[in-house]
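What follows are several structures.
Shared between the two complexes below is chain A, which pairs with chain B and chain C, respectively.
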Partner chain A sequence: MNMSKSLAAVSALAVALGLAVMPAQAARTDISVGMVLEPPNLDPTGGAAAAIDEVVYANIFQGLTRFNSDGEVVPDLARSWDISEDGLTYTFHLQDGVTFHDGSAFDAEDVKFSLDRARGENSTNAQKALFAEIAEVEIVDPQTVKVTLSEPNGSFLFNMAWGDAVIVAPETADNNATNPVGTGPFKFGDWVKGDHVDLTKYADYWGEPAKLDKVTFKFISDPTAAFASVMAGDVDAFPNFPAPENLQQFEADPRFSVIVGSTEGETILAMNNKKPPLDNIKVRQAIGHAIDRQSIIDGAMFGYGTPIGTHFAPHNPAYVDLTEQSAYDPALAQELLKEAGVSELTLSLKLPPPSYARRGGEIIAAQLKEAGINTEITNLEWAQWLQEVFKDKNFDLTVISHTEPLDIGIYARDDYYFQYADPEFKKIMEELNDTTDPDKRTELLQAAQKKIADDAVNVYLFQLAKTGVANAKIEGLWENSPTQANDMTQIYWED
Partner chain B sequence: MSGHSQQETGFIRAALGHPAFLAGLLLTALFVAAALVSFVWTPFDPEKMQIAAKLKGPSTEHWFGTDHFGRDVFSMLMVGARVSIAVAFVAVGIGIGFGVPLGLYAAANRNSLIDEIVMRGNDLIFAFPSLLLAILITAVFGPGAINAIIAIGIFNIPVFARLSRGAALSLWTREFILAARVAGKGAARISVEHILPNLMNLLIVQGTIQFSLAVLAEAGLAYVGLGAQPPTPSWGRMLAEAQTFISLAPHMALFPGLAIVLTVLGLNLLGDGLRDLHDPRIRRSRG
Partner chain C sequence: MTLYLLRRLLALMLTLIAASIVVFLVTEIIPGDPASFMMGINADPQAVAALRSELGLDQPLVTRYLAWVIGMVQGDFGLSYTYKVPVSELVGDRILISLPLTLYALLLSTLIAFPAGVVAAARRNTAADFAVIGATQLGVAIPNFWFAMLLVLAFAVNLQWFSAGGFPGWDAGFLEAMKALTLPAIALALPQASILARVMRSSLLDTLDEDFVRTARAKGLTRSQTLWRHALRNALIPVLTIVGLQFSFLLAGGIIIENVFYLPGLGRLVFQAITQRDLIVVRSVIILLVFAVVAVTFLVDIAYAVADPRLRRRAR
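Showing the complex of A and B:
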């Protein structure tokens, strides 16, 4: 009796121990990922917010082409393509055996529907310009689609890789905002507003299946809370960690790895180019020379970031380093102000919430003051910033990061918030759109970079760094952010 | 005349025997002195950034250390005291300036329709969570010290209105008021000449307490980004900015936090002490 009792106790203990040890032996197949902003909806074809793509891109939705972790455009739903001699016709050969998460099959019909919907008159697509050159989409057979352009566009395949150009099914397209249905390796699980979005593995995925069974995106906007949740292990990875000052601490902790890479975020001090006295190039140049980029990077970003001299990502092969052209030189700044006949200058500086803007703005204000330019700082919430600065253009200066890839084209936009739209620059951009030859394109891109640096449209501060932190056992996270995405398809836990 | 000075000596003697009052007086004096001295001298320019010297702990050079931009925390606290005092002073001033006349007017016309309107209006403001309305005001009219002052000031109006009405009501039944009425003085004149002077002690005590609450409210508004805008130093904003640095540079949070706590504590002790000293019954029982 006694014997059997102790035996039972031992076996119970063994079971308990076994249970306790088991999860540690098998690698985990779930992950929770921290994000600062919650997406307003989950339809990448109907909203501009980066947070939408950060949840759904490559995970739920796929396009004809996609960006890989290096920013290269690679085949996705289109297995391959042929481009006609004149660069006007693209024939896409689609993948076989692709199904949407609701079980329906994917074919040329869906591609035609998606592209026509995005470029159509009633389209709510935030990047309609991506589809502007499409003249016609024809279905050749269920696995082949022919897209005809009205004029050659060297970046057409690049455009098709954006999250805004993903392929959706006609039956489910209208509900994607709350119940996204795509063709990716993960399907939508659950969305608890204000807290998290769950994705689960899609069993019938056409390609290489995901290694994880479940992905949870948690939304934590407060930097202090973000720090606590990573420390406590509530989130396993925070690809864009909001408080760079805490990274040192994570680096010193063997439980975590800190992943520092580049993003497409050109952080600029935008100037209202049509508002006096900022319509005077000398005043704009003076502001440029009054600013010390490195101390902004050190003070606001704790050293994470690369100085830029134009609106272009330094990791792009076509980048030209023009930082010297507007190097820190307060004496020259004062000289230029004198030449412009401006004294007692007071400018408004309106700052959106991210810390690069709030902290960077304070440093800029201090630096401008030393050059004799006074600023009035106003801290704005996002909605106020979008209204006052972006829409109403009621500002002198603002600090903002433009995170879309290869977005120098915004300088050609009429009525854009910094009000540049110089005719000569527009001509460069038009020529660029008509060019497919890579060398000639590089040349034009460099001409564009120089033009906006020569005109001192804005002060180009630094390329935003991707400062992420993750559990040291997680493999496969993107180091860089060539597009707004958290690609979960390659991620796995080390044993 | 001699009676008056005797009263003053009595007051000073009583004050010296009241340690809480003395502690409050000392803390308040420190707070006011820091603000006044900052007009002529601070150890460093509080807006001067030295990125290379950021997040330094307290040292002989930087007594309270430096913040994330390398600014001197001690200098920032000194100038921040100025902002706190200015906001609290004007806000309490608004409260007294509007609240006391309203209260006296309501008391003079007690149980009339005007009395009802004034007091129910006060109830309305009272019923609304004060900080929430302050946030509403600054959100609508934009953040900044001026709007913070107005927001906090509005909340001080009902406090003083109610206090002065209540005290005035009981005074109206006293014989000397009756005498004044018999002498043919009007309600307005009686309120100013006879009632107001008798409310002074009460107002000073309440004013001190409200001052401490206004300092706290200003820090709270600045903490959520609705107070004085950068680069003007402000205690509440310093505390908010220190949050993510708490493990790297705890002094950034410690000193502004201490400044707020000690100032509010000091003003409260001072207010309590003043009440004790002005209350003849308590004075007698202590004596």
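Showing the complex of A and C:
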């Protein structure tokens, strides 16, 4: 018996094992959504993994406020609020008739518990800073909560919209990692570890009920496998599709629609601002002028991405386009290096695993070489990167995407990995925190953007695109990604 | 035989203790902190410190080693840092995929390799022999992940007979689950079957040249009678060795195939745990695998004795 005969026999056996062909269905009410990473657990208040929010945000858990698909902050569990004149007191009026998935009622107690837990001493909330200004949370009556801040914070309602600020119940909070109980339109169904998480529609939901009965999140990390899973129909939508090289093929296929939008991911070439010769602004400016953003976008991201000139999302109304300030000019780069008195420069370039970093890093190295700067590339896995670059600050250059919304505030942090913490910039941020007037806030945000561009803290490369693929009959998917989420509440199948 | 068993058992214990120390130290040395990994780059340093003490990472080295070993002796493998569920539960889930997949692949591989090897040896230097040699050469040379992708393209993307991957869980029914494991098992089995067939063939050829085979022929047995009654059983020892090695290899080594078919198996669990610095999972799974390998080697030793009476006598 030769090999091909036996293989034929085996596949014939497999056929005999039973193969169901999917019957054609009208207006399905279930969906299978592909995700690259599996969440480590399902508690958004106890870890930073984006995959947690990609499953639970808006689906299982809700906060006082939430982001809508445009990134706007809108009421959620708080139906309205009053802000005192001095900007220190927020009185939230809560929605009526809200229940947790275990049937217990939601009220002001739960809000107080959740906020106090997140800001408490033993809190393991990854975004604890969101709650830093809260001085006191008081229960006025079961439907009203008064939050007092120690100092005004114009971003407070924005902060409360994050996945890390969702409201949990005291009775179930400790088990949310494996059995999340929230107030959203979907409740947790089942989790086959390593394969999928099922959510089902919550019948007693307080708001507009979801149109789908069942949502399955499937975890597929390999780009080739992701491609095959969509082609084979195992996955109906893949909102963050990991293989941009295949998107054109999907675009040409009428069965699928390709959804390209923007994320909150500012992708930067970060520089160690305290490590000579990078402590010299001329050297940092030289590196900026040596980089051609568009060719990185074309080469590493297959053309998907928007060039940025500062650490700010271009879709934000307060964005200032400062790309010209550090435009591609290798001759100027060499001149700046000469002025700085630097020659024979060799810098370390440490790259984390995502393809924007690995592929982008290679192109950046080639561009820097053109300008006379040598680089030594080291590929690191995430945990190593966090240790060497982020914690020990043992690096010259690295490529990384900062994916949190409106995170320009990291430039004010002492001891942050790129080591900027400029007093003038910190002052702008303090002023921003004290300001609630929208126009004044925009002005300050723009001043902050200009300040870090003037100081050439990092090279701001591009805004990471959200590239998704979905069955053409699915409606209601988010185009942009104002926060890391797969909001399933508005999704339905066309007949 | 009892003394032999006791000696093997002692060796097994010592191997496990040595392995536990090596595994613990190696995972301790690799750079990267589980708490920082979980909290990400926007995290508050205070919250990271709180998590470190919650996970017990601020305890001294020896204390943590002893706590881990004592826990394992009592059947408690610890709590996964990232998944926050007992490691035994995680491993249990994965074993339910990896073990059936391994057995399925091993079964396919033996079903292909035995007849192929026997036919090739019995019809030495004929067209059938050359066909087996050629096909197995190809089977060894083709990378199994590439073959797996071809299977996906043909049977999942084009014909849509199978899912491109994933595992519905045993709750979905036996046939559904086996169906999900079929393409991966074929992909895993092909190179193993090729190796096995080649070993079967050469081992059988060696035995067919032995004096006792000539004697058997001389006393009037036909060629096939000699082959089945005398040669085959004697040729099995090297084949059994290979099957034992393949079992250990397939149990955790199928990670590439698990990735292609996004199957939640043991290999992927270890890989994921390493990248997430879920050290407790890494350690416990590796110790379990060491245990499995040692145990399989032990079983293979016993199988030798069954296949070859001379070994049985020597062991006594």
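Here, the second predicted complex is superposed on the first by the 470 of 495 C-alpha atoms of A that agree within 3 Å, B and C clash if a C-alpha of one lies under 4 Å from a C-alpha of the other, contacts with A are read in each partner's own complex, and residues count from 1 in each chain.
Here, a contact is a pair of C-beta atoms (placed from the backbone, for glycine too) under 8 Å apart; a residue touches a chain by one contact, two chains touch by 3 or more.
Predicted, not measured: the structure shown is a model, and the values here were computed from it.
Peer 1: Taking the superposition on A as described, I'd like to know which of chain B and chain C A:Thr378 touches: first, second, both or neither.
Peer 2: It touches chain B, and chain C stays clear.
Peer 1: Figure out whether A:Asp407 sits in contact with chain B (first) or chain C (second), or with both, or with neither.
Peer 2: After superposing on A, A:Asp407 lies in contact with chain C but is clear of chain B.
Peer 1: Name the contact category of A:Ala366: first (chain B only), second (chain C only), both, or neither.
Peer 2: Only chain B; A:Ala366 stays clear of chain C.
Peer 1: Would you sort A:Ala48 into first (chain B), second (chain C), both or neither based on which partner it touches?
Peer 2: In the superposition, A:Ala48 touches chain C alone.
Peer 1: Looking at A:Asn246, would you say it contacts chain B, chain C, both, or neither? Reply first, second, both or neither.
Peer 2: After superposing on A, A:Asn246 lies in contact with chain B but is clear of chain C.
Peer 1: When the two structures are overlaid on chain A, which partner does A:Ser229 contact: first (chain B), second (chain C), both, or neither?
Peer 2: second
Peer 1: More chain A residues touched by chain B or by chain C?
Peer 2: C
Peer 1: Would you check which partner chain A:Lys128 touches, where first means chain B only, second means chain C only, and both and neither mean what they say?
Peer 2: Second partner only.
Peer 1: For A:His196, is the partner it touches chain B (first), chain C (second), both, or none of the two (neither)?
Peer 2: The answer is second: A:His196 touches chain C but not chain B.
Peer 1: Once the two structures are fitted together, what part of chain A is touched by chain B and by chain C alike?
Peer 2: In the superposed arrangement, which is not itself an observed complex, chain A uses residues 224 for both chain B and chain C.
Peer 1: For the complex, give me every residue of chain B touching chain A.
Peer 2: The touching residues are 47-49, 51-52, 54, 68-70, 142-143, 225, 229-231, 243-248.
Peer 1: Tell me, which parts of chain A touch chain C in their complex?
Peer 2: Interface residues on chain A, with respect to chain C: 1-4, 6-7, 10-11, 14-15, 17-19, 21, 38, 40-41, 43, 47-49, 121-129, 177-178, 192-196, 218-222, 224-225, 228-229, 231-234, 381-384, 386-388, 390-391, 400, 402, 404, 407, 410, 417.
Peer 1: Help me check something: in the complex, which residues belonging to chain C touch chain A?
Peer 2: So the residues of chain C touching chain A come out as 30-34, 36-44, 46-47, 50-51, 54, 82-85, 90, 93-94, 108, 111-112, 115-116, 119, 128, 131-132, 135-136, 138-139, 149, 152-153, 155-157, 160-167, 169, 175, 178-179, 182-183, 186, 190, 193-194, 259-265, 268-269, 272, 275-278.
Peer 1: Chain B touches which residues of chain A in the complex?
Peer 2: Touch list, chain A to chain B: 223-224, 227, 243, 245-246, 248-249, 295, 298-299, 359, 361-363, 365-366, 369, 376-379.
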